[in-house]
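Listed after this line are the structures, all set down as structure tokens.
Each of the next two complexes has chain A plus one more chain, namely chain B in the first and chain C in the second.
Let's turn to the complex of A and B:
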């Protein structure tokens, strides 16, 4: 095409004069470069993509992960290492269904559960069957993939939301079936009811049983790396591109003569297969399965993993799984709350650093919070000493500072709940106001956050983490639907 | 399990099923209205219902608690309903404003995930604030003269008897309130200005906006009305089954949704019909197959309906425009 020609010369803004004019071939070709490049995480994500080729990222992750057992003790390796790897695997499977093909599958966790239960039936004391892993894992993976295929059949007819519902119900039905229905097979409850199935064999590598945590960790790491490599090539393949086209616009994809139904079923089967694999590993590592492991909270966690890192990005899933699982384990009830506290305040400050500009404003806000805190504490103490007489839960080294700064009442049972509800209202109000008022409101809100943490969340860390995950999903969806490393979707005008 | 036909059991199950069904119908209306107008599955709807039940409990304890209420029974129940309905309605508006409105033009998967997050957030907030124990409305002794001797209160009085089966006052209250609310809603949608705006918005949001309808306000009103009905259903649940807890919204939400889909999502009479069907199915499955099968029966019905007639019994087939 000749430049100039029929299209009249339109003087753009000074910085746009050098770019190709709207509509010409060069303009169309440079669409990637024109995508909105926001500051902060978005640009960081783009840079990681540009600077490090996929194999380098894989190498960094692999080397880091492989050396983990050398400096971590057994308990930590189980909680932080093995669980992160399982979340990565689950996230990768869900990423195929949701991230690549754009199908909202809310029964995913049931497929994970099916894999775990099936593996448990094939290799445990429950029926006395002990198949070696080399046989049972492929059998489980293939049958989970087939189940995913069956579950995906309605998706041929259903629009996005109906699919979500059918799968959500499938997930719920699975839990009810395992827990309550528990049909009797060969004189025994098939699924063990609420007790689940115990004494499951560990995975074995062609007869060599992986019993120590280190061996298991390295085995799972190997599986994860293989799946990562496989998915990378899959996503670059013809099928991967077709899936993304399907996600962006199913109608247009169909009009381009793509076999939409077959692609959907393929995505379901692939995701389900990976979920089944994760189930085998999970059952073998835990040596017991119960229905509680496959209920709604886990589904939310897997979604948080995929969405945080960025829907459709493999690096994103790995990073998301690490972030989610580490914060998840920090907030575990059996973990000393001191660590969780440091993490919490660190995250709050990190968010402030990202959100508050210019830099001196950050100083004003943080200083304001500290001063506000001491003032509020002094006033509360002056009114009635019982308002500040409460004890800090597992304060550790920070206990003294916290009890002088945060209002922790003794008695006054309603205080924690009132503070929590006020915090929700304050945060919602913060999103609606702008300018100086926002900065001014930010100070008491931050102080309130500290109060809520010290009075409610520390006492019930297990509940607090679900609340934070729920809030994370909503916030991410409204602020940055593509996640940290995902690419923003093309706006169709 | 085969049970010889027993008329008494059958009528008992029928009465229970209809009461339960009217409750599900109310929840289904909220789903159906929101879906009709936004094409959004509001997963958080069940949790709005749960919050409504807790607000009803809060009013009850503020006024002296179930065992010794300060005011007489009729105004107490009216107050509980009003407080729960208004609080749930406002909650629905807040959810819409902060979790769904920013996503109006986002890809369809985004508001669904956001809704999931809201549901999870509400559920666990309730767990944090109210704790995991069951709270009881004590409807058995509510309004009784001697609650400490477990003398039954007026809510359990039989209003009429069919073949030795008592239909209790509370069941009549639930049925009457549901019927009243549904008539009011039908009139609102069919006759008023707001109803006309709602119908227009659900037909074509952009065209409605071009005709001068403030669609954001219409959507907010839809959320208010739908959530209000859920709040009423929450109090009804508390009065019928006497216990409220943080997780009650999830299953009730699923069943309300089933009712909406079975009846034909987006259709108001469909939601009522679907609610009755789901309530009856659950009641009969629990009576004849055993309680553990009742949930599975309901889910089975949903999946069957979706596979055979995705638009539901009274729904119209959606035409997909390109």
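Let's turn to the complex of A and C:
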């Protein structure tokens, strides 16, 4: 250190002129990135994207995914492995349309459904047609791509919200058609109405039928890896660049020699082809399709995969699909309630880690909640033992701690409602006050959250599943609006 | 052309008229640009200068009249076809692909003169690989035109990271990547400081001498116009009011009137 506070002169650097300076717009543009760097795990995400070359990422994913069946049982492999892969495939297709070309296509799920139904018609007992996969899959993929092309035609005139409405209508029309129209072809309902089509053939590899879950899993993994590689090359080609260019500024793209309308149709057709491929696999794995498989919730989930991962990023789609499907299956009603409970507390703690600064304050809050809980529990028990006599629902690993920490009265329906309303009031109050008072109020609020969870939500697993899923998405998207691996999109005004 | 001395005619507008409702933004406009020329288009705000660019590049379709490029009629062609024929433009309001890297911005503009199809790209077939190499080399060559300004690490920067002057340079580089014969520059010096403006004046000269481009430029800065122009065309209310060397046009009473009003001319 120098004496007297005079600052030593920074030696001039050769690239001084080009370095971002305060007040220069370049500096402003880099602020977001530096702010983001301060959030630990977000920085990790950036690093993964920046440090590992694409082939290394593909290798890591491939090796990890390929060894999955060696230690997972059949049911888990189906729920966690196969479904994640199908979501990856769907996300990759949607990423072409939405992420690259920037076209808000809400009819995407209908293309997935069309692929699945078409495959079912070509390879099932429904009409007694049993085409081998080597024929039926290409036929389905090409037909779905053509349908995507037709669906893309309005995109030549419609943009943004308007395109979204038209394509959404198409998606809904598909479900209604499959469910209600069900035209009679060759003496039989074409789509099987609400019953759908059953007894669909499994995929086969040149005549060898893939009947076990492991075989199916490895087959789908192979398809996903091939699609990933192909898409990576495509994204780094003239077509990929042109798609991104038209997403950024269609008029400039047109003026820079890119045929914008044809490129839009290409994106629609290409994304649709991948959706058709996913449909074939989906139908073959499930051996039955019904219209419910292709309704709005699935569309929202596919969008969640793409948006959570980071629009436009292939690695992002893969990670988004893993996060969403794994957490969704983890919370499935047939799983023990304890799963949901662990995830719930994990989300709460994650939120605190992200929101509370500095670190020691986080310690104070968490410690405070624990102490507050045990104290409140002890006081309640001392006043009237029945106040804490309620049983913990499916306690699992945490049962002992929770029954000593959370106040669960014997008959607690009214108590639960009161706690719920109090929690809402407390959360609203939290948003209105600041400083130390907020920290102090945070402690009982968190404790109240635990009470509400243990007395209300735990008893309604189906509702709790969706609420938690939503909370997870909201949390992640608040932390990283551009998705886990997406790059922040900048508009200059 | 019939006269042997004269360089070939590149762009020709003949009696071009365009109106929006009751407002005529181009009125029986005649304009020509010869190969190898640098022509400046001047005029007060709203004179219809950018409209001329929009008409030539196919963003607007003229109500009547003909626009020809190397003898070929451009009217009715979509903008990307016109660019592929050899006319590239920049935008007054800057329309870069902001969330793409600097190099990608330039590479994207090579779309029109490359041919690799989607399957070729997916399977990395020889033509796709060769074209990728060519496109990358082309982008680097066009960016190198601007010296240190867009060199090195800037290639991998997102376009929104660039300063205003650099964004203008990148727009020119992007237009060059379409392999044009005629460059239309829409107010390239807008928002630049005097030093950068001087640098730009020199750059436009190099566009012709080193790049071999013919340039039609819209510019408000009279120092730039004076420094670069072989010929100046002045517009007002969609009508050509003067044409000729800079000194003639700058002293033309109708031009002074258009800029300053009648008082100024008196």
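Heads up, the rule we're going with is that the second predicted complex is superposed on the first by the 351 of 493 C-alpha atoms of A that agree within 3 Å, B and C clash if a C-alpha of one lies under 4 Å from a C-alpha of the other, contacts with A are read in each partner's own complex, and residues count from 1 in each chain.
Just so it is clear, a contact is a pair of C-beta atoms (placed from the backbone, for glycine too) under 8 Å apart; a residue touches a chain by one contact, two chains touch by 3 or more.
Predicted model only: the values in this text are computed from it and were never measured.
When both complexes are overlaid on chain A, the residue A:270 reaches chain C alone and has no touch with chain B.
Residue contacts after overlaying the shared chain place A:471 against chain B, while chain C stays out of touching range. Contact with chain B, but none with chain C, is seen for A:421 once the two complexes are overlaid on the shared chain.
Contacts of A:253 after superposition: chain C is touched, whereas chain B is not reached. Touched residues of chain A were counted for both chain B and chain C, and B has more of them. By the touch criterion defined above, A:429 reaches neither chain B nor chain C. After overlaying the two complexes on the shared chain, residue contacts for A:238 are found with chain C alone; chain B is out of touch. When the two complexes are superposed on chain A, the residues of chain A that touch both chain B and chain C are 251, 489. Listing the residues of chain B that touch chain A in their complex gives 35, 39-41, 94, 98-99, 102-103, 106-114, 116-125, 127-129, 250, 254, 257-258, 261, 292-293, 295-296, 299-300, 302-303, 306-307, 310, 318, 320, 322.
Remark: chain C residues 57, 59, 78-80, 83-84, 88-89, 91, 95-100, 104-105, 107-114, 116, 118, 121-124, 128, 131-132, 135, 148, 154, 158, 160-164, 174-175, 177-178 touch chain A in the complex. Listed in rising order, the residues of chain A touching chain C in the complex are 18, 24-26, 29-30, 230-231, 233-234, 236-242, 244-245, 248-249, 251-260, 266, 270, 487, 489-492. For chain A in complex with chain B, the touching residues are 98, 102, 104, 106, 154, 157-162, 164-166, 168-170, 172-173, 176-177, 180-181, 251, 296-297, 300, 303, 307, 417, 420-421, 424, 428, 431, 456, 460, 463-464, 466-467, 469-474, 477-478, 481, 489.
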